Amino acid sequence: MIALHLLTGLCVLAGLVFFAAGTLGLLRLPDPLTRLHALAKADNIGLGLIALGVLPQLVASGAVLAAAKVVAIWLLLQLSSGAVAQLLAEVAFRDSETGADDPDGAAAEAGEP
Amino acid sequence: MSAETLFGLAAAALCAIGIYGLMVGRGALARLIAFNLLGGGVFVLFGVVARRGAGAGFGGDPVPQALVITGIVVAFSATALGAALVERLAQLRAKGGAPSEEPEADT
Amino acid sequence: MSGGALPGLPPADMLLVLAVILPLFGLLPLLLLGSRLAERLTLLVLAAGLAVALGIGAEVAAAGQAATAFIGGWRPPLGVGLRADGLSAVMLVMTAVVLCATGLYAMTGPATPRAAGERMPTAFWMLLLCVWSALNLVFVAEDLFTLYVALELLTFAAVPLVCLDGKEGQIEAALRYLVFALFGSVLYLLGTVLIYALYGTLDIILAARRASVSPGLVVALAAMTAGMMAKAALFPLHLWLPPAHSGAPPAASAMLSAVVIKAPIFLLVRFWLDLAPESLAVKVGPILAGLGAAAILMCSLVALAQHRLKLLIAYSTAAQIGYLFLMFPLAAAASAWSALAWTGGALHLASHAFSKAAMFMAAGLIAEAVGHDRIKGLTGLGRALPVSVAAFGLGGLSLMGLPPAGGFVAKVMLLSAAVHLGNWWIALVILIGGLLAGGYVLRVVVPALQRPAAPLALRPVAGWREWVALALALVAVGLGFVPLEPSAYLAIGRPASWAEGAP
Amino acid sequence: MSLAFDALLCLLALLAALRAVAAGEGFSRVAAFMAYGLILGLVWVRLAAVDVALTEVAVGSGVTGLVLLRAVARDDAPAPLAAGLAYRLLAGVVALLVFAGLAAVVLLLPEPAPSLAPEVARHLPATDLGNPITAVLIVFRALDTLLETVVLLLALIGVWALSPDRTWAGRPAVLLPAPWSGALEFLARLVVPVGVLVGLYMFWAGADVPGGAFQGGAVLAAMALMAIAAGLLPRPVLARRRLRALLLAGPFGFLLVGVLGWVFADAFLAYPPGVEKAVIILVEAAITLSIAVTLALLVLGPPVAEETE
Amino acid sequence: MTAGTLGGSDLLLLSAILVPLVLGLAALKPWVRRWGPTLALVAPLPALAAVLLVPVGQSVLLVPAPFRLTLALDAPGALLLGGAALLWLLAGIYARAYLKDDPERGAFSVWWLLTMAGAFAVFLVADVASFYLAYALVSFAAYGLAAHDDTAEARRAGRVYLALTVLGEALLIAAFVMLASSVSGANPLIRDAVAGLAQSPWRGAILGLLLVGFTMKMGLFPLHVWMPLAHAVAPVPGSAVLSGIVVKAGVIGLIRFLPADLPLAQWGMALLTAGLFTAFYGVAIGLTQSHPKRALAYSTVSQMGVVAAVLGAGLAAGDAAAPSLAAFYALNHMLLKGAMFLAVGVAMASGPRHLRLVLIGAAVLGLSLAGLPFTGGALAKYAVKAPVGEGGAGILLALSAGGTTLLMARYVLLLAARGKGADPAAGEAEAPPALLVPWAVLSGVAVLLPFALFTPVTGLGLGGLFSLEGIIKGLWPVALGLAVAALLYQKPPKVSEIPAGDILALTQGLRPALRGLLSAAVRLDAGLRHWSSAALALVLVMVALAVAMGEPQWLQPLWP
């Protein structure tokens, strides 16, 4: 039982670290493409770890259906954040390509989810 | 200080922020958003009242909760109508529409 | 089934529900029809609705008590109750008559201007039926949240009516009207949730029975009253009324100024005379009357200074609303004279509806014929459009409070009550209001009666539309023959209670 | 421990609200508002009202946020200058006054909180529905729900009335002005079917567990919008009879069932005894369908010039 | 009080009002309007018949309670109604000829018929609400007669008239409301309402408002400004009717609404002094006028001052006979003034040779108005001597007769000038008979009728008047007036003409102030209609309502 709690604690902690990294990337990195890169990667792994951490608790307490839902949520998020990141990247790329990049970086601002 | 009282005070604060936003908001969209904030605050107040009235096997009094659902949908249709008006106004102004008879400065 | 149903008429509670859902039955198929069919169907529904309203009036008179109906058979506090007492019946009939006249006025006939396409007429008929259903619900509902939904239905129907022509100025006015009305209705909702938190019911009558003066009730009533004053455009909250009511197409502004603006006022009367305890009503009465007096004086003065006819009439609406708020301190005091003030207020509500609708319709016809809205260019119009100018003049007569119009009897009733209850400043304001109303009405009518300086080039106007406006004005004059005493009909169903009828 | 979490939640909500009010630029104001909506969703879960949480997230911040985003994008009017400092201070003081009043009232609410929960519990079996909120919505306060569907329809009529005369029967404007993107189509192909299934489930389960017509309808509307944005579905021609019949299904169906109430159960909107559950499900299905179509059309906006795609 | 079946005389009373009203409203239709002027002749006949046939004191309840519309023919009412009907008939004949080439005569006849209906109604109705209705009808319809010609001056006169009329209506409705509410029941009879005046708590306010409201219609100083303006711009038959009959609505108002048997010393004295002052003021301003019609208008102001003085004296002494004597005096003035206005029209249309005849007629009328012995006017002056008494007021009254003689001399002088210069083409032309005959008949009746009515109204024999002492008392003011007139004729003093509506000029200063007020209101309204101020106002209103309803002890916990 203790091992279970230990595992959960560790995973959730690691997940939080990744989330922090993602947010740090969002604030510090210069242009939209790199920010997107940081956010998409870090948040996905972060969420995966937290889901991994929570799963044993749910399974142990018998709520198998809830566990399945958590996994489904994680899958949906993988899909949607990946697709959205792709879309934003296309917009950001096209703006930087056509120089429509407004001087005060409004496009960059728009890139922020 | 029970959870309901905490959320009640938060709801009161949200209402105050909404009213502040409606007074200070410049342009219709800002005011529409402030209206939604105020609406959200009032609905949380409904939620707090429902939670205080929990009993007879329910986590909260179902009547105010049902009212909130109706309220949210009504608030949405108001915002949709407002947004459509804002867009149509922007479209007409962009087309160089003649200024309205009394050029009221919308300060 | 409650109350003795008149033979031949369906039971009262079915009529009550019919009053609310009949316009909806008319509205929904309109989405599938073209504008010609939509018009015919709407006029049919208007006629049927008028019959229902008159039926309710007859039932209430015959039974001598309020007609009640419970949605789905569930009695308050769980279910929603509809109840029509004397005042509601009068309002239902008034609304039905005004909207039928508006329907006839807006009917496309040989000489009416061709609408550019399907959009305007179809949307107009749908919105008219929505306004009607919402108004009927406001007059009969006894549940605070149902009233909120009815008010929202009314606002969402009124806002598109304001900007039906699609010009930029009107859309700006409609947007300002929408957001300010929303501000008002969310404050009303704030009051509603506090009432529920205090008394565990949303029904006005049950809440009134449990009501006791407490900080919660004070804040709730303050929020609800402020919300309704915002929607009723009482001075200084009238920013949206002049541009909205003057910008709307004539048939729409007739509806807006005559009946739509009356719903929030009716609710205020409902709150302060049914829901609120007497001690609070006495404290708040002077504030409402003070703002009403300010509305009468300020808006009449601004109406005097207007150059456009429709703006003048819109400011006149803002002023006449002030009269209705003068009623609160008079009707709140528990004395025989308050019954007279109560009758005077109801009569003013009705006669203003008829005369204002007639004036806006007349203004619409004048603008159509002359091609512009400026008051200066109307000299000598009386000879060219006698019926329209007569409609405008008779409507103005009622606003000025001159015999034999309904406005006169209402003014006398309010004056008598004010004099007897010692509110001298209210009596003075009523008199000054009559003078100022005389100013801005005669300012239009007198040049119209003189000989035109240059012959006016007029576009043809459909004769029957002028007669519709004149008919409404004559109804306002007809109200002048209401006897000068507290009306027994309005006393039916007061004080409000669910006790009568089925246990 | 949970109180600390609630306090944090309230703090987040207040911050989001303040950001939404104080933000200078339109887009960040809407972004803050959507964040506010999602946090409110969590607040509702903490207030043990999962139905409302679903509605708040789906309609309150989701679709409303979408409509506001579209309006911000199209309203390129220059941001008007902010109010003077003195006025802002005065407004702040007045807002604080209002807060003080409301807070006092909240603190002084009557202790045995009056509630209709026992009343609902007593009459719930008569409706043989499991979810009390759906019972209140569809049975006890049926008139409110009927009017609410009419309000939604009326908002749509109002939005359509804003179009110029010649395009009354045209198509709504393009939702996503970006060129075709493979990622979006891939996402749509995968998520839409699942989303539709989730929406139908939410409507179906609404009778007994948190869910219902409005929440299911909102999810279905979202899926329709995603399909249209991804190009899987063409933008609908608004004057087509079939589309308008779908719009009418909810309100008109509910009205007809209400009138039948007179015939079978001698009161308007009363359900014939014995078959309440079946009729209620039927009515809820019609409402869900209409809400999905109405919400989608409200987001798509008024019909603009007829385009040959 | 025949409530149920309407007897013959009741129908007559009702038709006196209904016939002109129905004809007036029918004349709104263009094809009826063409016959307007001839209809105007038929309309007064039922009223004339009513006065002759219906016994005085007859009253009929038209509509039972709660409306209680009642008509009643009492002594003063009968006198004024008879005179009015006669004047309407003759002026109608006169107007038909006078306006035959005026394109707008149809519209004029509509206003003519409506004013006639209002005038007859004002003299007949006996309950408060319908009196107010009749009073409003005669006041607003008279506007049409005054502002008939489409000149800027007529429009200005019309505006001033309407403004003061609306003000008068407001004052009267306030008085009627207070008066009627002291009696139970919706719409009391005037008699009962006035009877209840003694113990009503607002007696002072009611009397003040009634006096101001009705004396404004009679043209008592300072609210007389509209009369010279309106009567000068109206066409001649219009001025005759305005000055003769419409002004009497104020008189009948005072007669009906002032308590006859309740002595009110201070109010009576106030009315008396105002009346006498106006009598002299009217003559003073009238002398400076350059147009005969304006001179006559000021003469009406002066004569109404006399009537007010008589009523004031009656009110002060609580003398019940004063009202009918005042009515008798007013009747005499109505017929004489009507004839004099018609004389102006006849003079305009006749050449120099016939002018002498007209001037002689006008002189006779003037002297009769001044009260020359052996004329109707003397009887009227003698009749009103009793209530005014022999004291200072009596002397002033006599002096005012002298003043009137002076003013009448001025009027005849202006008439002579007007006659010669006005229409050179008339040459030897004689005024058309359609103008001459009604004028002549009216003049004859005006001078002789008082003889027939003197004894029934005053109950005194004619002997007293023809006694030497009576003649002397009647003669010296007239002689004095003629002497001063002759003196002034020799050395006409250089006095510039005071513009009509004398003190109205003072209000010119008011105009920019009014415009300033309007623009201030518009600016305040525009300010309030900004979003920021309106939203703030809404929240402040909410807070104010909450504070108003709140109780101080709720704040106790804040500072224990």
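Residue numbering begins at 1 within each chain, and the chains themselves are lettered A, B, C, D and E in the order written.
Everything below uses one rule, namely that a contact is a pair of C-beta atoms (placed from the backbone, for glycine too) under 8 Å apart; a residue touches a chain by one contact, two chains touch by 3 or more.
What you see is a predicted model, and the numbers here were worked out from it, not measured in a lab.
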{"item": "If a chain touches chain B and chain C alike, it appears here", "value": "D, E"}
{"item": "Top-ranked pair of chains - ranking by C-beta pairs in contact", "value": "B-D"}
{"item": "Most distant chain from chain A, judged by the mean position of its C-alpha atoms", "value": "E"}
{"item": "Central subunit by CA centre of mass proxy", "value": "C"}
{"item": "Distance between chain centroids, defined by C-alpha means - chain A, chain B (Å)", "value": "30"}
{"item": "Chain D-chain E separation of Cα centroids, rounded to whole Å", "value": "71"}
{"item": "Whole-Å gap separating chain C and chain E, where each centre is the average of the chain's CA atoms", "value": "41"}
{"item": "Residues of chain A touching at least two other chains", "value": "none"}
{"item": "Set of chain D residues in contact with two or more other chains", "value": "83, 87, 91, 94-95, 98, 101-102, 109, 113-116, 120, 140-141, 144, 148, 151, 154-155, 158, 162"}
{"item": "Per-residue multi-chain contacts in chain E, two or more chains", "value": "529-532, 535-536, 539, 542-543, 546"}
{"item": "In contact (per the touch rule at the top): chain pairs", "value": "A-D, B-C, B-D, B-E, C-D, C-E, D-E"}
{"item": "Chain D - residues contacting chain B, complex", "value": "2-3, 6-7, 10, 13-14, 17-18, 20-21, 26, 29-30, 33, 36-37, 40, 43-44, 46-49, 51-52, 55-56, 59-60, 63-64, 67-68, 70-72, 74-77, 79-83, 87-88, 91-92, 94-96, 98-99, 102-103, 106-107, 109, 113-118, 120-122, 132-133, 135-137, 140-141, 144-145, 148, 151-152, 154-155, 158-159, 162, 212, 214, 291, 295, 298-299, 301-302"}
{"item": "List of chain C residues in touch with chain D within their complex", "value": "13-14, 17, 20-21, 24-25, 27-29, 31-32, 69-74, 77-80, 115-120, 122-123, 126-127, 130, 133, 137, 143, 145-146, 149-150, 152-153, 156-157, 159-160, 163-164, 166, 171, 190, 194, 197-201, 214-216, 219"}
{"item": "Sites on chain E touched by chain C in the complex", "value": "28, 66-67, 104, 129, 132-133, 136, 140, 144, 147, 150, 155, 158-159, 162, 166-167, 169-170, 173-174, 177-178, 180-181, 185-187, 202, 517-519, 521-522, 524-525, 528-531, 533-535, 537-539, 541-546, 548-551, 554"}
{"item": "Footprint of chain E on chain C - complex, ascending", "value": "176, 180, 183-184, 187, 213, 215, 218-219, 221-223, 225-226, 229-230, 235-239, 242, 280, 283-284, 287, 291, 298-299, 301-302, 304-305, 386, 400-404, 411-412, 415-416, 419-420, 427, 431-432, 434-435, 438-439, 442, 446, 449-451, 481, 483-485"}
{"item": "Footprint of chain C on chain B - complex, ascending", "value": "15, 18, 22, 28, 31-32, 35, 38-39, 42, 45-46, 49, 52-53, 63-64, 67, 70-71, 74, 77-78, 81-82, 85-86, 88-89, 92-93, 97-102, 104"}
